[in-house]
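Please go over the structures that come below.
In the two complexes below, subunit A is the common chain; its partner is subunit B in one and subunit C in the other.
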Partner chain A sequence: MSLFWIVIRQLAEIEAMATSKKVITREEWEKKLNDVMIRKEDMNKLVMNFLVTEGYVDAAEKLRMESGTEPDIDLATITDRMAVKKAVQCGNVEDAIEKVNDLNPEILDTNPQLFFHLQQQRLIELIRNGKVEEALEFAQEELAPRGEENQSFLEELEKTVALLAFEDVSNCPVGDLLDISQRLKTASEVNAAILTSQNHEKDPKLPSLLKMLIWAQSQLDEKAVYPRINDLSTATLEDPTV
Partner chain B sequence: MPTATSTTATATSANTSTSATSGIIHRLSSTDQDVKLKALRQLKNQIIGNRTKKLSFLKLGAVPSVAAILAEAVLAADGDRINSFNKNVIVQSAAVLGSFACGFDAGVQAVLDAGAFPDLLRLLSNLDEKVVDAGARSVKMIYQSKLAPKYDFLQEKNMEFLLSLLNSESETVSGLGASIITHSCKTSVEQKILFDAGVLKKLSSLLEGSLSQKDSSLESLATIFKDNPEVVLKFVGSESGKALSSIIELVKDKFARTRLLASLCLIVLRNTSPCYLQDIAIKTKLVNTLLELLGDPGQVGDEASFALSSLIAQKEDMQKLAFENNAIDKLYCHLQKDSLNPRRFEGILLALADMCSKLECCRSRFLSSQVLNSVVDAVAHDSADVRSAACICFKSVARSIQNLSAGSFLTEAVVIPLVRVLDDPSTSVQVAALGVISNIVVDFTARRSIFIRCGGVKQLVQLSKSMDAAIRLNALWALRNLMFQAESKCKEGLFMELTASLLASLICDPEPFVQEQALALVRNLVDGCISSVEYVFAEDGILLDAVGRQLQSALKAEIGIQGMYVLSNVATGEEFHKEAVLNQLIPHAETGAQAYIIKFLQSNDSRLRTAAVWTVVNLTNSLSPGAVDRLEILRGAGIVSQINNMQNDPCLDVKLRVKTALGQFKTLDTCLSHSS
Partner chain C sequence: MGSNNNNNNKKKNQDLGLYFLEMARASSSMGVEDEKEESPMELNTINSSGGFLVVSPDKLSVKYTSVNLHGHDVGVVQANKPAPVKRLVYYFEIYVKDAGAKGQIAIGFTSETFKMRRQPGWEANSCGYHGDDGLLYRGQGKGETFGPTFTSNDTVGGGINYASQEFFFTKNGAVVGSVFKDIKGPLFPTIAVHSQNEEVQVNFGQKKFAFDLKDYEAQERMKQQMTIEKISLPPNVSYGLVRSYLLHYGYEDTLNSFDLAGKSTVPPISFAQENGFDEQDIVYALNQRKTLRQLIRNGEIDAAFAKLHNWYPWIVQDDKSSTCFLLHCQKFIELVRVGALEEAMKYGRVELAKFIGLDEFENLVQDCVALLAYEKPQESSLGYLLEDSQREIVADMVNAMILSTNPNAKDLHGCLHSYLERLLRQLTACCLERRSMNGDQGEAFRLHRVLNSGKKGKC
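Now for the complex of A and B:
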């Protein structure tokens, strides 16, 4: 059969599917799934990538011992990275900065935005602890020069210093800077910068694969009825409802 | 912010910061090793990411102290006494020096002056991985500045060392190797020697490596390709272009910086050897990638517009392709954003300038949006680079004959800021502004008066007396265009402002380019109605004498051309004018010198031949009474026989004028034989 006719036939099949949805039974589906070969090593790598990126160093170590999967990054660096992240999360920003500089002095020297956000977080912590004098001094000495270099930093600085003007910060328009989520935001920014400096992806691959799965299912929903995965945590195939 | 509190805070902060700063400096020279190490670490954490602190520690002499600590520690390590403490001192001091050198030229200079560079280089051959890493990082920082010493590739041991760096397992070290190439490879000899040493192969293999390896490899490759078609040819030919396909692939990389560097590498390759990368898909990909990178908020976005410029500059086909991919609209869209940093602003303006440099479709698209307003505003920007770029962009758009004819640019809103910027402290801005004015005063709708009313002429005349030759040149150029086909009232005003003596001295300027423009200006002055011919006779004819003198000694064809057209225009006047021209052309009999017009008639430049024949045509116009006598003088000087020899001139223009001249000669000769 010529290529032309193959194309025509496939188009017709898709056309047919579009009008009435094709039904795929659990049997057929599982048979198809079994035909797909996924190497165990690849699965392990995927899990390892997740553990390493998210910083679960003990789990990564266990996985390596049990499966022989080599992490794509020196596990010791994960401990350092997690220490930095934790320091920011606990509000010990100065400590975090020193740790990053020990890890790689280039990171903060070449990343003005991250450096500013860390200094800003330091200021927030001073304000949180009621050290008004110290906070003002710090803002003047450390942050104001950065604001002069960059307009958007200046705006962020103004917002942060505004915290001092309010008696009741829980009720002020910039109060969310004192929220724990601000610490988490800064921590994840540092985490990402360290990963990038180590030539590592800043996001694990697993979540994007799951997103792709959801996208693929919704594409397929338009064309067919098939055993769907509704609960991602268990990944059980639901029977198709016709 | 409450004002009262902040004032007190300034006072306290100044005190505490100074004492803390000098405390660290003091402790750096402590004899207690622990105190010293702690001070080093503290210093490092103070300066990283903080330019202000770098500067203040620099002023306090921190760099020589740290360099001395490093030197001492390296010496001790050489004596086989390396222990973890010593190692820590080395790592910390290298990090401090590296941070001083990071993105801060004053710091680089200080590190070099303190003699720390050789010590940092020695760290690269250390056995400890951490020491090597710290050393490599600091040396790399230095090599990212243009102040770094030039690496001599021609020395064999240097090349060996470079290869060992590139072959290193450590990313920092191989990245350093690439940085050295990017910094120091300048000549084609160096490019060739790097190629012969197999560096390209090594760099190509780094294209498969990590993010930082890819990036530094792409930069080095571009450096080795730049303007060296021989190396490009060998690179593209090797391994059936496998490396080239990897670079093309990297234009689609997920990291913005990698996409930019891969694009830049391909642009260099293309500009070096235009025969490659002609595939429409690749060209479109490059254009779209760069347009998309304009949106990057960081440095990549700043540089993307410059890359786009180098891709499309001087290339009409690329400009067309970019136009079809909405480049004008996209650039405009980025131009409208608030708080553009000066570098980005400059880049977008220059890219727009290149887009509009050749194609009318681009200019009309530009003018149909509101871009021109933004560009005119940018003429008054704080940054000199932005002001200059705005003028260059405007100049490009003002090439549009269509819009010049419509007089679209000669409005007060446009002219006033332009005249103001003629006073700019920066020469390059002045030159760029003169460029725009040169274009917009070529006007067909008699709207020059707006320019004159805004004080433009006075400014231009002032600038034509500048000490800077480039400014004199461009000011004259603008005046020349202003004079082009101007009505007699306008010419009169211009001439009053300029004066014959100033023009005469400009015709004799030491710079040939200035001479040429001055002559061209006079040519436009005496063009048109007969009364304007009189200008060259003002002040005892110093202008005409100056023209004659310049023609006598003219070395450049362009000067001969402009000068001959001045004479040619004057020769259209009355008898008296024609006689004056003839006197300039024919040297006095006693000197015995050959008339320079003979040299012009024999020139290789057809434009000069045309101008020379034209002058003769105007002198021998058979309707004027003195023509017969003038012909005899010309014949005596050998000019008639020279023109006779030019009947088959290869240039049609010349041939046509020669035919006219010979026709006139014939008529005059017939008149003569009839009357005798």
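Now for the complex of A and C:
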């Protein structure tokens, strides 16, 4: 290590002491990391939970065989759920609604917001395909009555219908409704509702744990200077700096 | 390859082997990872203010037996142990059997040196909720407006929330209020009686609480979770970590299915290019690692040995290494599993006996050999050896050994720990460090608990 870096590091440590933060060296920290006990089984479960919740049914089945980890949900139900999700992602909303009802009619009955969003998506798809008349009819007959029940539904409906007013939607203020991201948003909403109806958490645990890591590091930052991991995707331990 | 490299390999081999040997031994004691801390179980009869009160023989109820004359003849009694701190919440309850002449009953927390003839909250380093006026006292003579009064037949609880650093009190199962905990050091659950015939029973958790503590804890965790969920993550980071995990451990079939599915999602996830992420290192020998894992998981140890001799002779060249030892142990275990006890015995004499007397191997050799003593070894205390997880450790060891033969492998850590595991270790270490800087107060992060919580969908 060059003298320059040694000096820089010492300065950093002095500064840290001035703010009365505890300085933990890389060696000390690595010892603490080594003392942590993480069970392999638990990591396998965490990965399985991700595969299952995100709908990677084949991969989940393979992981069960390759690692002996049992999925926390019946794998058959994933296939149905993914079919619904995929239908929305591809713009086949009618098909998706039918499939959800086949799965469990209570999902849409008890979730008016989700049902509205699916119908809205249906309207968006009609507009996308240039079926103006059909779109207007659908908006008046199916969506407007729901708007009367709920102010926020009405606003969203108006926003969607506004798409019809523009010749060039790529340049209009509500154009993002036609974006693929709107389909994905609706698809993940349906996905979450189905998972909830199956008594399963709607989000995988892994992203929450990663967020928790970011949070835990920032909490510890207040009291100590220690080697952090800044890049989650490579899990690289950085030298402590102030 | 120079001799220097060979020496390096040998050293690596030893270090990795020892790591997994440690894992194999530790698996016998796994499951007892919860931190045991002593909790209050009864009242302390030794330092209570003798003369003013009587503690029942079961040490779980007190009665004020004299007539109170002044403020220095309070009947105070502490629990036999301080409230444990390595948890989210500590909580206990009292039931007022008889409010006596004046109902001057109090519940609270006091430090070890508390003056045992005063109400909790009247002196420094104490805090108490008083029944006669419903006020909260925190070391000053004057109380603060807090909650309702309490009297005969009421159940009152006192708790410490270590996450929010607050005391909280309950009456008949509902939270009355909370107040910042400004006292440091061990705190003893404390109750006081101060007029004739006052009688109070205490419940340190032996009986069901009137208050739903589980629900309170769940809500506290939820509060923290809400803050955390607002943090945003780089796109596809979870996806990438799962992928690198599968690569690391050589779960090749899973990986292929995962990649295939990733391509057909809308929009397709093209992780590798997107992040300019060089996965050469972990793709290394993927198929061989998968094959060996499968053999070991199927209990085909001879076949695994043969493949290793063929592909990576140096890994198995030293028959006294930890690698060979664990493989031999596993072979022995597989023989016991199928009931080939005689063969197991022979195998043990040839392959395991040479490890007897070597400290680092001793325990495991003994455990393995002792399997022979049981008619139903699965049900014995050595049953852990026959579990799937033991095969997994051996498979993980072979996997790490092969990874370490990669000329591009930077360090041992890369062979031992997936990115996912490094992040989980960092998370655990950060939480533990922060807690230890906070007087060990609060709950530690436990992956195991997180995984087993929320089985029932909450939305």
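In this section, the second predicted complex is superposed on the first by the 220 of 242 C-alpha atoms of A that agree within 3 Å, B and C clash if a C-alpha of one lies under 4 Å from a C-alpha of the other, contacts with A are read in each partner's own complex, and residues count from 1 in each chain.
Definition applied: contacts are C-beta pairs under 8 Å (C-beta built on N, C-alpha and C of every residue); 3 or more make two chains touch, one makes a residue touch a chain.
These figures come from a predicted structure and were not determined experimentally.
Model built by superposing both complexes on subunit A: subunit B and subunit C clash.
Ranking subunit B and subunit C by residues of subunit A touched puts C first.
When the shared chain is aligned, subunit B comes close enough to touch A:Phe115, but subunit C does not.
Look at A:Glu149: by the touch rule set out above, it reaches subunit B but stays clear of subunit C. In the superposed model, A:Ala224 makes contact with subunit C only, not with subunit B. When the shared chain is aligned, no partner comes close enough to touch A:Ala76: not subunit B, not subunit C. In the superposition on chain A, A:Asn199 makes contact with both subunit B and subunit C.
Applying the stated touch rule to the two superposed structures, the overlap between the subunit B and subunit C interfaces on subunit A comprises residues 196, 199.
On the subunit C side of its complex with subunit A, the touching residues are 26, 30, 33, 225, 227-229, 231, 233-234, 237-238, 240-242, 245-246, 249, 251-258, 260-261, 265-267, 275, 277, 290, 293-294, 297, 388-389, 392-393, 396, 418-434, 437, 445, 447-448, 450-451, 454-459. Residues 22, 24, 29, 32-33, 36-43, 45-47, 49-51, 56, 58-59, 61-63, 65-68, 72, 86, 89-90, 180, 183-184, 192, 195-196, 198-202, 204-217, 219-220, 223-224, 226, 229, 232-235, 237 of subunit A are the ones that touch subunit C when the two sit in their complex.
Taken together, the subunit B residues at the contact with subunit A in this complex read 1-2, 5-6, 9-10, 12-13, 16-17, 41, 44-45, 48-52, 95, 98-99, 102-103, 137, 141, 171, 210-212, 339. Interface of subunit A with subunit B (complex): residues 97-98, 101, 104-106, 108-112, 115, 132-133, 136-137, 140-142, 145, 149, 151-152, 158, 161-162, 164-165, 196, 199.
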